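What follows is a set of structures to go through.
Two complexes are shown next, each including subunit A; its partner changes from subunit B in the first to subunit C in the second.
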Partner chain A sequence: MAQVASLTLLHNDDARPIIEAILADNPGVRVLDMPGCVKLDRDMELVVNRASVEERLGRTWDPQEIHLVLVSMAGNLDEDDDRFLVGWKH
Partner chain B sequence: MTVQIKTIDLEPKRQTFGHIARRLGGDKPASRYQEATLDVQATDNFHYKPLWEPEFWAYDTGKTAVKMEDWYKPLDPRQFYYATYNIARANMNQAVERNFAFIEERGLVQTLSPEAKAAIERGLLPLRHLHWGSNMNMSEICQRGYGTAVTAPCIFSAGDHLGMAQIVSRIGLELDSQTGVSLENAKETWLSDPAWQGVRKLIEDSFVERDWFQLYVAQTLAVNGVLFDLAYKRLDSAWRDGVIPVAMLTEFMSDWRAEEGRWSDHVVKTVAAESDANKTIISEWATHWIDRAVEAARPLAAALTNENAAAAAGETAIARARALGLNV
Partner chain C sequence: MAVKKLGLKQRYAHMTRGLDWETTYQPMDKVFPYDKFEGIKIKDWSAWEDPFRLTMDAYWKFQAEKERKLYAVLDAFAQSNGQTKISDGRYVNALKLFLTGVSPLEYQAHRGFAWAGRHLRGVGPRVASQMQSLDELRHFQTQAHTISQYNKYFDGIAEFRHMHDRVWYLSVPKSFFDDARSAGPFEYMIAVGFSFEYVLTNLLFVPFMSGAAYNGDMSTVTFGFSAQSDESRHMTLGIEVIKFLLEQHPDNLPIVQKWVDKWFWRGHKVLGLVGMMMDYMLPKKVMSWREAWDIYFVEAGGSLFQDLARYGLRPPKYSDVATAEADHVSHQIWATFYQYCHAAAFHTWIPDREHMDWLSEKYPTTFDKYYRPRWEMWAEMEKQGKRFYNMALPQLCQTCQVPMLYTEPGNPETICFRHSKFKGDTYHFCSDGCKDVFDGEPEKYVQAWLPVHQIYQGACGGPTVPDVLAYYRMNVGADNMDYVGSPDEKLWMSWQAGAVKAAE
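For the complex of A and B:
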């Protein structure tokens, strides 16, 4: 069975562009709505692309800013200036 | 005993306002920007036509020659509404305050050569009047324009120009040890120095332009694109030993230009792309006002550095206008 990579984000105005970017960039992502937050699961890998968030946010966005709305995560973290990725690949 | 913690997920009955949902094509969560912008301006049921302009309603699409199917198409890519705008500007202003403190602490303006001080007084300080004129123009566009998508960012821009006029004034106060003498001199320069008269005539002529979108094109592509571009980017050699302090103290202007340009370009591009008729009219306006701005800038550039700086600023503005799909 594939391992699940996951990000749980607050469900607020600041996180919405990030959530939308994740939904657009990760085919097959599963969305679990909870009170106040959203859990996004996907097999093996989940990526947040800086460019997609910026497109929705209308300003420059540093992937580190995700920590302001990040509740929980599952997967090994791989981040650079252009993306924030959790996954189980080595 | 086991305690079971249950959560109940309450689904809101609706995610956003009906008029926003109709825009978004469904009841989806909308951003603050969308809720503060889309269809906010009144469109119907005005009581009386204004006495001073009885041919138009208070908000009337006929106040410009360009036609848009929907004036909410040219949205602001920065997604500015009151809060985001103020947060962005507060951050930029913090940098301004730091730079002024830095310059004051080290006496970087007081110790400039008399030639540099004179050049700043003549070449930079009169810009406060040009900024004030730009503030007038943007306020005018806000009040005559149609659709919150376009008009709201215009009043933000008007506020920006007022802020920049204040920054320029503060540079003057640094020069004259807070007496205000340099500002009086700069006003005299603005009113009577031949180098500035072309610029003054251009901005004063723009005050009486009744077509608000033409005014928008004149302000963003010609005044911002040519005159402010010249003043803040191409006059470095005029400030002599003052080039670093001036660059630091006008940092706001270059940040602002880069940021506001994204919005103003997007608006012109979107409106021009609506129809060939729009494109033709806007191209004519852009050509007219950019040419005028280059002519106006020429004596100023000649007096401060060399005349070619005006042409160079004009070429950049034309290249920019072409990139927006205009035939200039």
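For the complex of A and C:
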């Protein structure tokens, strides 16, 4: 069974550019819509790129701002100034 | 030339490393007296990696922002009388169970992480534990604040703190945390940080809070997701703890495996209450307990344990049993509360036809065969004026404290009983998993405060049901019994009638 990397985000205005960036940057991502939140799943790895979010948001964005809208996650986390990544690769 | 800014990883290292010191007035083993007796071996505390790299100033900034948003919603909810706009008055009973059963656990987690943070020798886990301790206190406070709005109108809420320490079914979640907090600091981290936060907490917060959103409870969904946004950090701490322990020394593996097995099973038993909330108590449903279990345990847990297999760790013992039980637990527990609603601080009801059809669809192999006939029989008895109450006090499992209501694996027509002998006494269990936990540490579990035993020993106000309910501070006739005919229902109907009148 493929291991699933996952991020669940609030379904609100603050999270929308992040959700859109994830959809654009992660081919094969699967979307589970729930009331109030959205779960994004992908085999092995899921990434949020700062540049993609900033492009949609129209301002600078610190990947740590994801804390304000993050509901849940699955995968080992790797975070730096340019991206926020969850995955099972080593 | 502009000076290049430090990257996040370097910045975090500078902000957090080298802050600790070796004590000289007292030996380190006296300053940290609890981090060796469990047998865990740590060679290098500095190998601890905190993947979130959140510094204290960033932590305060984000938490303050979350609080501002939450309290703006709570104000708006109160000002707009949001409690009148939920899907149905029945919904509030899920909140009652949440506040009496879960919110006090947040407070216990606050205390537990404060203690673990104090007693772990490494600076990395201490900082993370401190943050989590503060988070958990915030969760308790925001939950009490949020639900206080409902307390102005609905019964069964006001005495939540008193009830948590006394009422029979609340000893199930309470004993889970009492067990974790009376363990050593490493076991506590595996119990709460790993097993509960990483493996199981999604099952509580994500589908249930999404359910709150679906049922028009703007305030609860907001505290729920606000709390859950801290939970991602907690999950990361949980997974970091287990990787750190397994990387530090091969001798740690059997100890950690035993804890993973134990705390998965303990958590699974507590979460049966959540299964019941999702399948029976939410008027508008998001997903069934079975579906939630498949997403959050089978799929997410499967990925996790596949990853941890590189350390030799295997999935929790009896996880196959727990997965099979997901087709049964919610039905068996709600049926128990239906029989004992005279002694519960929330209301019960028989699912209506539409609700039962939903259950048939979600539980195609079990609901129509085993559970629908029982509801139809009880509905018929109600119609004849013979509403069924079970007046016998149930036997409780010595480990999880759930009444002996679960059935044998693979045979849902026979109640599951197990027992062990210890120092001449016989102890009873609901499952192989609970028996194993007891057999691993009988000296601990013989001390369990079992509500039914305590009633029989005269420690709960007196020998009769009214005595015990008075001891629970239950407002009889308002807090307990069926939803139909309750003051809650009357209030809800009056709001509905008012809304209809205003629309005319």
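Going forward, the second predicted complex is superposed on the first by the 90 of 90 C-alpha atoms of A that agree within 3 Å, B and C clash if a C-alpha of one lies under 4 Å from a C-alpha of the other, contacts with A are read in each partner's own complex, and residues count from 1 in each chain.
The rule is short, and it goes like this: a residue touches a chain if its C-beta (ideal position, glycine included) is under 8 Å from a C-beta of that chain, and two chains touch if they have at least 3 such contacts.
Every value quoted in this text rests on a predicted model; they were computed, and no experiment measured them.
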When subunit B and subunit C are modelled together on subunit A, clash or fit: clash
Which of subunit B and subunit C A:13 touches, first, second, both or neither: first
Touching partner for A:81 - first (subunit B), second (subunit C), both, neither: second
Touching partner for A:69 - first (subunit B), second (subunit C), both, neither: second
Comparing the two partners subunit B and subunit C, which touches a greater set of residues in subunit A: C
Touched partner set for A:58, first subunit B, second subunit C, both or neither: first
Which superposed partner A:37 touches (first subunit B, second subunit C, both, neither): second
Which of subunit B and subunit C A:27 touches, first, second, both or neither: neither
Listed stretches 313-321, 331-339 or 421-429 of subunit C, narrowed to the one that overlaps subunit B: 331-339
Subunit B/subunit C common contact set on subunit A: 34-35
Touching residues (chain side subunit B, partner subunit A) in the complex: 7-10, 29, 31-33, 76-79, 88
Touching residues (chain side subunit A, partner subunit B) in the complex: 13, 16-17, 33-35, 57-59
Residue ranges of subunit A touching subunit C (in the complex, touch as defined): 1, 3-6, 8, 10, 32, 34-37, 39, 64-65, 67-81, 88, 90
Residues of subunit C touching subunit A in the complex: 7-9, 51-54, 58, 62, 65-66, 69, 202, 205-207, 209-214, 221, 225, 228-229, 231-233, 235-236, 239, 286-287, 295, 299-300, 302-304, 306-307, 310
